[in-house]
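In the part that follows, the structures are each spelled out as C-alpha cells.
There are two complexes below, and they share chain A, which is joined by chain B in the first and by chain C in the second.
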Partner chain A sequence: MAQAPRCRGVERQARQKFARTILNTPSVQVCDSTASMIVRKFGLRQSRQLLALTRQTPISRRFLSTEFETPVANPATEVQTPPKETIVPSENPLHEVVQASRTQKTAEAEAWGRWVGQRRKFNRIGSEVEEAYDPEMVIRSPPRPSDITLELLLASGTHLGHSTSRWNPQNSRYIFGIREGVHIISLDATAAYLRRAAKVVEEVAARGGIILFAGTRKGQKRAVVRAAELAKGYHIFERWIPGALTNGQQILGHCETMVVNAVDEKLEEFKRDLADRPSVKPDLVVCLNPLENVVMLHECGLNNVPTIGIIDTDADPTRVTYPIPANDDSLRATDLIVGILGRAGQAGQKRRLEAAQEGKTTYKPITAEQLRLDPFTGVLPGSEQKKQF
Partner chain B sequence: MGKINLTALRVRQTALSQFASGKIKQLPQWVDVVGAIPPSETLIRTPAPQHQLVRQRLKTLPGSSKPRVVFEVQENTRKPKKASRLFKPVELKYEEDQLRKEFFRDHPWELARPRVLLESTGKDFENYDWSRIQQPGKRLDGESVVQRQLWLLNNVPDITKTAAYDIARREFYKLRLQEDIERRVAAEEAEATGANFGPSYLEIGMDLENQQYEKWKAWAKTEAQIFDQRAAALSGAPEIASEAEPEPDSFAAEAEVVAPVEQPA
Partner chain C sequence: MARPTYGIVQAMQSLRLYSPSSYRLAAPALRRQARGYATETGNTTGDVQSSSDLPPTDLPSTEPPATELSSTQPPSAAPPLAEAPPSEIPPAVKAAPEINFDRFNAQPARIVPASPSYFSGSPRFIDNVLKLESLQAKYASLPTVGAGEAPRMAWFKLAQFRDYVGEPVPMKKYKSLLKILQRLNRIQPEMVPGEVRSELNNFLRPGNPYAAQNVPRTVDENGRARAKGKRKESTAVVQLVEGEGEIMVNGKSLVEMFQRVHDRESALWALRSTQRMDKYNAWITVKGGGVTGQAEAITLAIARALLLHEPGLKPVLRKAGVITVDARRVERKKPGHVKARKMPTWVKR
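Up next is the complex of A and B:
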C-alpha cells in the first residue's frame, strides 16, 4: 500500500529532474520526442488546474516530516524559449498572419502575458478579509460619545501611561495599577471623564460657542482638523503663538472676523463694525497635549476660558478644567478622543441649527445695536461727533 | 511655585465674580454649562485599587465525590503598608504571568515569531473559547498555550500545573507540525502550477560566499606574484626573476636592482 505511491513519486521526481536538465541546456532546439513532450507538458501546467485537465493526483515528494526539502527555484524556466515547432501550412490564410505576429513577441513579453493572465484568473480566488483594522476609520468616521466602550478604549491603547518614575502623584486617582513598570490608567475613569468632556463640548456647541481644538504633536494634524470640521470649530496643529490670547490684537489682528446670523449665514453689512473690535476669544479649548501647550493653557487661565485636556500620568491635571485621563502619546488614542469630542460638537451644532430653524436660540443673541456700539466708549460711533456740534 | 494652581478649575466662579464686579458686561455662554456639568474633584486622593492574585481550581475535597470550585487567594506575605503608601498604585498580577514566563523560558524562539498586537474593536476575546487551543481569527502562538493551560487549570478537576502544561503543549506541537506540513504542501502545489520562489536563502548565501572567494582569489594571485618576485630577487635566481622583469645583463646590474629592496628591510 505504501510502496506504490513511493515508486510513483520517485518516478515523477526523476522525470522532473530530466525535464529540468533539458530546460537548462541552451540547445533545446533539437531534442528527441520524449523531451519535447515533457517541455510542452510543462507549459501546459500553468493552467491545468483551472482547465480541469486529467492529471495525476499530486504526490508529496516528502513522506517523512524529518526529511527536509527546500523549494528549489529554477530561474531558467521563466524565460525559456519555446521549442520550435514545425509549421504546417494551413488552408486558412489568416493562420499565417497570426503566426507571423506571434513570432514577433519576445520571450519576456510572453512570460509577462502569461503572468498577467494567471493573475487575472487567480486573483478572484481566495478569501476576502472583512474585518481588517483601518487606521483611517477613526479619523474619517469617529465614534459617537454613546459608542464609548471600555473595549474600544483598551483597543485604542488609552490605558497606557508612563513609566512609574515619571508620574505626577496628582493623577493617582486615575491610575489602576502598575504593569511592567508602567502605570495603567483606569479605563473606567477614562470613559467617565471622556463622556463628561463630550457633554461639555456638545453643550457649548449647542450655545454657539467657539471651540478651539489644539493638537500640536506630529501626526495629530488630520484628526484635529477633522474634529474641528465636525464641531464647526477651529483648530491649531502647529505651534501656539504665545500671546495669541493675551496679546490678541497684535498677533491675530490681521485675521478675518465675521458676523453670522442664527443659521450661520454671513452678514456682510456688519463687516466695518468689526474693524476695531478686540480679537475673538474661544469659549472652549480642547488640548491634546497639555505638556507642550503649557503657555496656551496659562493664557486660557488668564482669560478665563474653560479647557479640556488629555492628561497622561506625567501631566498636571490642574492645568485644565476638564481632564481626560488617557494616553497622549498614542496617535490612535488621541485620534479617538478628539474624534469623539468632534462628534459631540457635531451633535450640539445640529441641535442649535434645528432650534434656529424653528426661530429659537439656545443662547442670548447679540443685537445689531450692540454690534454698532464702539467697544471702547460703549456708544454709537457717530454720536460723539453729534454732541460736539 | 509649589502651590496648586486652581485657575482652570475655578473658571465659573471667576466669571461670576467678574460679572458681579462689572469687569465683564455679560456672562459667557458656557457659564451655565460649566455650572450644570461641574469639573470633577481633581485633587482628592482616593485609596489605590488593591489587586490580589486569585486562582480558580476545581478540587475534589475529602469527604465528597463531586469536585467543587475553589478560589485560592495569594497570601500577602509583605508587612503592612505605611499610611502614606495607601494611595500608591500597586502592581497588577495575574495567574497567566507565571505560565507565560515558563512557556517562553522553555520556548524562547516563540518570541521571534511575528504577532498581531492590534485589535480593531477590542472584542476579539468574545469569540475565543479555550476549551480548544485553536481560535477563529487568532494565529496559534505562545499565548494560545498559556490561555489553554489556564482554562485547563480552571476547569479540569484535580489537575496539576505541569499536567495542564503538558496537555496544552502537546496540542500546540501537533498543530505547529500540521502548519509546517500545510505550508510545504502549499509551496509544492504552487511550484507545480508554475510559481517561482527565486533562489533560496542558502543559495543566496552561497553566492555571496563565492563572490568573496573570487575576490580573495584575485587578491591572493597578486600577493603570490609579489612574493615570488621578492623571493626571486633575493635569491638571485634569474629564471624566476625574469618572469616579471627584463633580464639583467650582468651581476652588477642585478645588484643595483636589489639594493632598493634591501634598504627598507
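Up next is the complex of A and C:
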C-alpha cells in the first residue's frame, strides 16, 4: 500500500522525462505518417496526463467510478483509498496505435463495447438479492436429489392439485386435503416418490440404460433438453410419434445409431453391423405429462419399458411404473422435478464411467460376436459369410 | 505339401520370415485382420494361445488354410506388393496403424442412438434447431441491423433442406428454423462470431444466386445499343446505331409494318421528341400482341436504347413519357363473370 504511490511517482517522472526528450530533441524528424502519429498521440497522452496531475480527479469520474469516493473530504478514506491512476502504467504508447490500426472498429461495435463495459460496471452496484427465485437457475443448475426439501417443493407449487371434481380416486393416498375446492397433494408423498424415482434414474444410468425424457407441453422444452443433457439421455419435446416403439423399424429406422465402448467412445468399425438392426428402445421413460402421452405410455407398457410419470390428482397412477404425485400443470414444478431426475442421471453416469475407467462394466456388454449375428435369426447372416469361416 | 504361390507367402519368403511353423502362427492373425475387427486384432501378438479363444467357426490352425486365405485376401491386391522389390512400393501408401492392445476400450459395449433426439423421429433436424437456438441465446446481446440491411443469404429451399437432413421436415417447422437463421443473420455484419458464420454457411444452397451483380448495359464495340421493351403482350428488341434514320421492323419498313400513322408516330416518338429521327438507324424485332402493343413496345425499346447512347436525354424522354413502363395487362376473366368484371345481365326468370 505504501509502495504504490512511490512507484507511480517514479514511473511518472520517467515518463515525463521521456516525453521531454521526445518532444524537444530535433533529431526526431517527422519522416513518415506513423512516426508523426506516434509522436502526436504520445504528446496528447502526456499532456492530458500532465493536466491531470495538476488538479484533483474530475468530478464526473467520481460519479462514474464504482469506488465509494465521497466528494466530502474525509481524512480516513483519503488515507485508505488514494485516488486511482486513470492511465494504466504498463501501457506501451506504440501498442495503442498498432491496435487502433489493426482493429478498425465501426461505430456500432464501439457502442456495443461501451455498453458491455457499462453493464459490467453497473451490475456490481447495488444490493445483492439472495434467496430469490430465478427461473433460469432451475434449468441451468437444477438441485440434486439430496437437496429435495418440502420447502423447495412447496415453493415450486408441486402441492397444487386439480379441482376436487376432476380427481381420480386412485390418488386418494397422495392427497393431503382440500383447499378452496382444490386438492392439495401431500408433500411428504411427493418427496418420497421423487426420491425413489431419482434413485431409479440413477441406477438405470449407472447400468448404461437408455433414459428418455419426454415433456411435450409448451414451455417444457428447455428443461427436458437440459435434463437429457445432464443424464446423457434422450429427449422428446414435440409430439410422440405413435408407433415409435411398437413400429420402430418404420418410424425410427432411418435414425442413426452407433456402437460405443464402455467409456462411450464411438467404435466406427462396427458401423456395418448396424445395418439391419431393430430400432433402439429406451430402458426408462420419464414423462412429465402422462395425460397427454397416453399412447406413449401404452406403447411402453406393451414393450415392457418402465416409466416414471408426474401424476396429478386427475391422472391415473397405474399408467406409470413409478408415479411422482405432483402438480404437472406448473412449469416451475415440472422443471424442478425433471431437473432433479436429470441430476440423478448425471450421478449414475458418473458412476458408470468411473467404473469403466477401471475396466469394469456395471452391465452386460454386447459382444462383437453378438453384433455380427443376425438380430432376428441369431445366426451369421448370409451363406457367403458361413463359407468364409 | 505343395505351397500355393500366393502373395502373403511370397512376401514372407522375400522378407525371410517364412517357415511352415511361422506361417501357422501368423495365419489366424492375418485372417482376423482381414476381417477388420479391432477387438480381435487386439491380441495379434502371434501367441499360439490366441487360436484357442477364437470362435469355433475359425479353422483349426494345424492345417495351412491356403484356400481360405485366398478368399479373404484378394490375390489381385497382394501379388504386385510381393513381387515388387521394396524400393518400388509407392511412397503414398501409409503403414497400417498400430495394434490396439487395450482390448477393453476396443470392445463394443452398447448400441445407442447417435443423437439425443433419436426418439423424435427427425433427430438431425431437431439437433440443428437446438444448436441454432443455443447460438441465438448466446449472442442475443450483439447489436443487430434491420432486416433490409442484413446480407442477403440464399437459404436452402425446403426440398434441398430435406435432402440435407435426410428427413421429411414439414414446411412449418422449416419456416421456424429459417426464422432463427434470419435472426442470426441480422447480427451486425462485422461483429458476427466465427461459429455463427460457419453454422449459417451450412444452410446456404450451393452457389450464390445473389452474387451476380446487374451489369449496366452500354453501347457495344460496334456502336450498337440493344434494348428491350414490352407493352401488352408484345415484346420488342431494338438495336440502335448512329445513322441516317433507317428503320427496319421484322425485316420490313415501318410503313409496311404499321398502316396507321398513329402507330408509326408512337413507335418513333422517342426519336421524334428528341429530334434524333435522322441521327439513328434501328433494327427492330417485335413479336406477340397486336399492332398498338407492338408499336408501343418499340417506343419503350427505342427510348431505352437511346438512353444508352445519350444518357443526358433522360429528363426529356421522361417528360415525353416514353421511358415509363406501362405495366397494365389484360385482366383475367373470372368464373361467373362474362369478362373480367362484367356480370351477366339480370334475368327475372
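In this section, the second predicted complex is superposed on the first by the 251 of 389 C-alpha atoms of A that agree within 3 Å, B and C clash if a C-alpha of one lies under 4 Å from a C-alpha of the other, contacts with A are read in each partner's own complex, and residues count from 1 in each chain.
The rule is short, and it goes like this: a residue touches a chain if its C-beta (ideal position, glycine included) is under 8 Å from a C-beta of that chain, and two chains touch if they have at least 3 such contacts.
Quantities reported herein were computed from a predicted structural model and do not represent experimental measurements.
A.B. asks: Who does A:Leu373 touch here: chain B (first), chain C (second), both, or neither?
C.D. replies: In the superposition, A:Leu373 contacts neither chain B nor chain C.
A.B. asks: What is the contact status of A:Val295 with respect to chain B (first) and chain C (second): first, second, both, or neither?
C.D. replies: Neither partner.
A.B. asks: Could you say whether A:Ala132 touches chain B, chain C, both of them, or neither, answering first, second, both or neither?
C.D. replies: In the superposed model, A:Ala132 contacts chain B only, not chain C.
A.B. asks: Let me test your reading of the model: by the given contact rule, A:Leu284 touches which partner, first (chain B), second (chain C), both or neither?
C.D. replies: first
A.B. asks: Which of the two partners, first being chain B and second being chain C, lies in contact with A:Gln118: first, second, both, or neither?
C.D. replies: In the superposed model, A:Gln118 contacts chain B only, not chain C.
A.B. asks: Should A:Gly208 be classified as contacting the first partner (chain B), the second (chain C), both, or neither?
C.D. replies: both
A.B. asks: With the two complexes superposed on chain A, say which partner A:Ile236 touches: chain B (first), chain C (second), both, or neither.
C.D. replies: second
A.B. asks: Per the overlay, which chain contacts more chain A residues, chain B or chain C?
C.D. replies: The partner that reaches more residues of chain A in the superposed model: B.
A.B. asks: What is the shared patch of chain A, the residues that chain B and chain C both contact?
C.D. replies: Overlap of chain B and chain C footprints on chain A: residues 208, 363.
A.B. asks: Show me the residue ranges of chain A that touch chain B in the complex, using the header's touch definition.
C.D. replies: Result: residues 45-46, 48-49, 58, 60-62, 65, 69-75, 77-78, 118, 131-134, 149-156, 164, 169-170, 172-173, 175-179, 183-184, 186, 193, 196, 199-200, 203-204, 207-209, 283-284, 297, 300-302, 304-307, 317-323, 363-364 of chain A touch chain B.
A.B. asks: What does chain A use to touch chain C in their complex?
C.D. replies: Residues of chain A touching chain C: 106, 108-109, 111-112, 116, 208, 210, 212, 214, 225, 228-229, 233-238, 241, 244, 251-252, 254-263, 265, 267, 269-270, 274, 277, 280, 282, 359, 361, 363, 365-369, 371, 380, 387-389.
A.B. asks: Residues of chain C touching chain A in their complex?
C.D. replies: Residues of chain C touching chain A: 36-40, 55, 57-59, 68, 71-72, 104-121, 123, 126, 130, 141-143, 166-167, 188, 190-191.
A.B. asks: Report the residues of chain B in contact with chain A in the complex, numbered from low to high.
C.D. replies: 4-9, 11-12, 14-15, 18, 26, 28-30, 33-34, 36-37, 39-40, 42-46, 48-49, 51, 87-92, 118-123, 137, 177, 180-181, 184-185, 187-189, 191-194, 196-200, 202-203
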